[in-house]
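Written below as structure tokens is the structure these notes are about.
To keep things simple, chains are lettered A, B, C and D as they appear, and every chain counts its residues starting from 1.
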């Protein structure tokens, strides 16, 4: 899917920015499987994988990227703001750090309503240096909220290596003690390890054990966004991480565990077909009607600010 | 002096808020003596002691509290913003946390100009939970800035005990490791201990050793501000801290070290006289001229925003 | 009947809604045991307990972020930001997150939340604790903006704000906390977006908000002695903005002075004046005047602060010039 | 002569001042090796080295706080906030600290600093990366506010901004980065606060800023074919605001349309319209119109975004209505 989206970029059909998560899929996959259907996901502009991992169909996601009316948000939000409340995807946020406190709020609400839901908040390594990160982590611990913070450490902010701007080695995990917050440092390219970490953190939060911080190390295969070929990274580093691409690695592991080559090929084939179909459906979507412009600022469906 | 200011409040001559530092004088005193004349002080609304400790005369400080034209800022700033650039007091800031990054900027400038100056930034325990605190500490370490952060932990934010809203026991010191920042936990009621901590942190910063974080535990003898009698604190706690009042304790220590009773009595007498005089001078100050209203928004002395 | 203070009205308004709806929760700094630094929320902790009335760390971003997340998932939070100047410390939430979330998601979420904050000057709190910043909120599409002038309106507009399914910024003027007025009736509700003509008149219209309502009324009384009849419109809300009431008043008087505490540059009165200069151009017999704060930070000393903010004398002066036009 | 792009002009303007004055330093996210996310600062790291051109963490408060502290103690920092929407993440510095410090201290400090930021929409970046927020800065007394429309003005106004002893917020419109124009002369300087009449005309005055200058000029060309002669004023700065040039133009045309990209509610055009409705009331032969963005968050899809922001068609429509008045 991500590769297909990338193709679409190259075809220049998607305007604006767009931020792929090729190479980081294992994190979303691990959590996607471990979460309860009514749990909350809070993602960033790099939120495609997280959205799909919660069961949101491909067509509206691709259509949203193209700004079509059959998009997930009817073309009003765009790639950076994928949201599907019905699937628990409570939004993708494009201002660094802003969604950590918001996830705390959803967790507070779950606790207040005694619903057993957990809020899971994904963010990047660069996000650990902004003030909202600090406020949210302290707040979550003091209020003992059912929230799981997941730092996807892909080693870079946009173009700058995280080590150049961060006082500690592991930007999230090394800070957990400042909040008395249990933390785990995991291999973000290993879906099984991610799944285990997710399962234990979710169970803990769900049973009143409070928040957890998970730092998952991974790598961004492509550039930061459509505009970025990613040239600032040393080739040796890129090669080493590409060799650890979670997809082929996981494929080998499944084979080793006795899953038949045929079964995997079937899955791949089905996935490719689903992507083809979604792409066609998305491209066939209409340009949004201009009536949408003045819709849904307010809960009454309108946008009137004066009489 | 602080007691005198308190008297003035009771006389209702000072309007608006005002935040005393009775009980916390040792911290300012220790640093005041240890700092180089051209070092920078960044203080909070509770900045009276820090301002006086840098050698700012009493009359303009008291006059500023009264909003008089002979005030330190001609009555334009008020008690919460005491500033005397000529004495290195680069401002008192009334928005929690804001001055920590600003102090970093002054330290950066000192480093860039290779001036050997150090910026010292004082703040309260409650301040450690705001985002600017986090950004500043990481920034200071990454840029290796000559700045000393001093948390005056007086156990309370305004009315709420710090322990009720903070995930760790020592709100500043327990977070130093999140920034790879050397830290010290000291008795803020002991001027000698403060002086030693200040001296070593300043020397380190001055010689390129980078920032230090000092947490000094202390207590606010009065309420948070003029409006607050401080009733929310258990009497046992207040009594225990009053018994540790730095002033009489230090007096005893000086006597023990052989300073003559007479010498101390002379100092006290002179201080009382100075306070009397400053009070009289401040009260005699004129109400500021209305010409000041439109002065000094801009560097050219004016405030014109259109033609 | 006993008079109600503005301060008491705040607690009363919140309590009324918390009793009605269990999903209304309240968070902020020092709001619980301390009853708020302005003592405007006393008694709420006692009545509703610590799960519904929660003290927070000094973390303005966490406060508004938490309110937003809670509002998106079924609660109706009321969040206090102690002084409106501190909205700058969590502006991302009011500018970029809260007002845009519903729109960006094609209407998938609602944000029924209230941000209460103490606004305005005149009390000698200095430049960082005295600003009237209702125009900051007014500049952001997607926020409702309320600023009551009387205790009874505090109760009624608070009820409407809490019940609204949209985010509301609720400005309580510090200078009004001690003011008194007739108590609100039981279960009082003042709909958002309805201005009130608080004094009828024929010669000049004064449009005012919050602290400038008593200033405008004071000027009207003084001008009455000179034989100038002034109509005073209390906007009560900036969003929704009741321009119909303003334009109707100008239709009667043909003269308009807008009285606002925020600075002249970028103040909300510019938008009001601009609308009247467009849609009400033919109604006007004289220039439109704006009496707003001078374009400087708020100085500390009383005498200086009075020079900056709108006063009865300044309003009278503007009205007299229009009346003589 | 080779044309200069707006993007190149930014780096050229900064470089010119960094060469002139060793105390000019530059900080921000990804500005160094990466040359900025808009590639507007390429080459500066190479020429001036890593002590003068410094990459920062994603810490907007630290960036502006550091710039402020450095400016108070002898440097002349230029700070980049990548997108102007993110000013909300460090708004305390622009609203409460930087613009007030000199005033509060009775003139003890100066704050010679520039905050550069990419502003505005029309590129499909969505609601959180597309706002025109020059009105936020305009609402704060104590900030100078600059928003150039041409590459040559970028260089000349950047020079003036860096040399100014006052804090300047410098808005670079994202939609203009790729635009081209005549190169700036050597050591070019355009004083702050001087509007430019970029097209003379007799019938209607259009007041524009940054991205709306080309929109206004496009409308003027189109209206010319209908025999309507339009004068276009490029304000260049919001503070200092050159109302004299605006009022002089209205004196000639008697008709005014303000074209602004920020939303109508709380937009800077309200203040401009309000001044003209007061001081220029007698000059006017028709209502004042404002063409501003619709009061909604910026939608993503092109077709929707075009509906929100000012376009040539919308400006033409407003002008035609005035001309027919």
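Basically, a residue touches a chain if its C-beta (ideal position, glycine included) is under 8 Å from a C-beta of that chain, and two chains touch if they have at least 3 such contacts.
All of these numbers come straight from a predicted model, not from anything done at the bench.
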> Looking at the contacts, which chains touch subunit A and subunit D alike?
Replying inline: B, C
>> Let me spell it out: compute each chain's centre from its C-alpha atoms, then which one is farthest from subunit A's centre?
In response: B
> Per the centroid of Cα atoms for each chain, what is the distance between subunit B and subunit D, given in Å?
Replying inline: 39
> Approximately how many whole Å separate the CA-defined centres of subunit B and subunit C?
Replying inline: 35
> Using mean CA coordinates as chain centres, what's the subunit A-subunit B distance in Å?
Replying inline: 44
>> If I count partner chains per residue in subunit B, which residues reach a count of at least 2?
In response: 73, 76-77, 81, 93, 95, 129-132, 135, 138, 142, 164-166, 292, 297, 303, 305-306
>> Among all residues of subunit C, which ones touch two or more of the remaining chains?
In response: 56-57, 59-61, 85-86, 88-89, 92, 96, 99, 103-104, 126-128, 141-142, 239, 241, 265, 294-297, 299-300
> What is the shape of the graph in which nodes denote protein chains and edges denote touching chain pairs (line, ring, star, complete, other)?
Replying inline: complete
>> So in the complex, the part of subunit D that touches subunit C is made up of which residues?
In response: 85-86, 88-89, 91-92, 94-96, 99-100, 103-104, 126-128, 133, 135-136, 138-142, 239, 241, 258, 262-274, 276-279, 281-282, 284, 286-290, 294-297, 299-300
>> List the residues on subunit D that touch subunit B in their complex, please.
In response: 25, 51, 54, 56-57, 59-62, 64-75, 77, 92-93, 96-97, 99, 101-110, 112, 141-142, 164-166, 193, 239-244, 275
> Quick one: in the complex, what on subunit B touches subunit A?
Replying inline: 129-135, 137-138, 141-142, 164-168, 174-175, 177-181
>> Show me the residue ranges of subunit A that touch subunit D in the complex, using the header's touch definition.
In response: 15-17, 64, 67-68, 73, 75-81, 93-97, 126-127, 129-132, 157-160, 164-166, 227, 232, 287-288, 290, 292-294, 297, 303, 305-306
> Which part of subunit D faces subunit A closely enough to touch in the complex?
Replying inline: 29-30, 32-34, 37, 55-61, 85-86, 88-89, 123-129, 265, 294-297, 299-304, 307-308
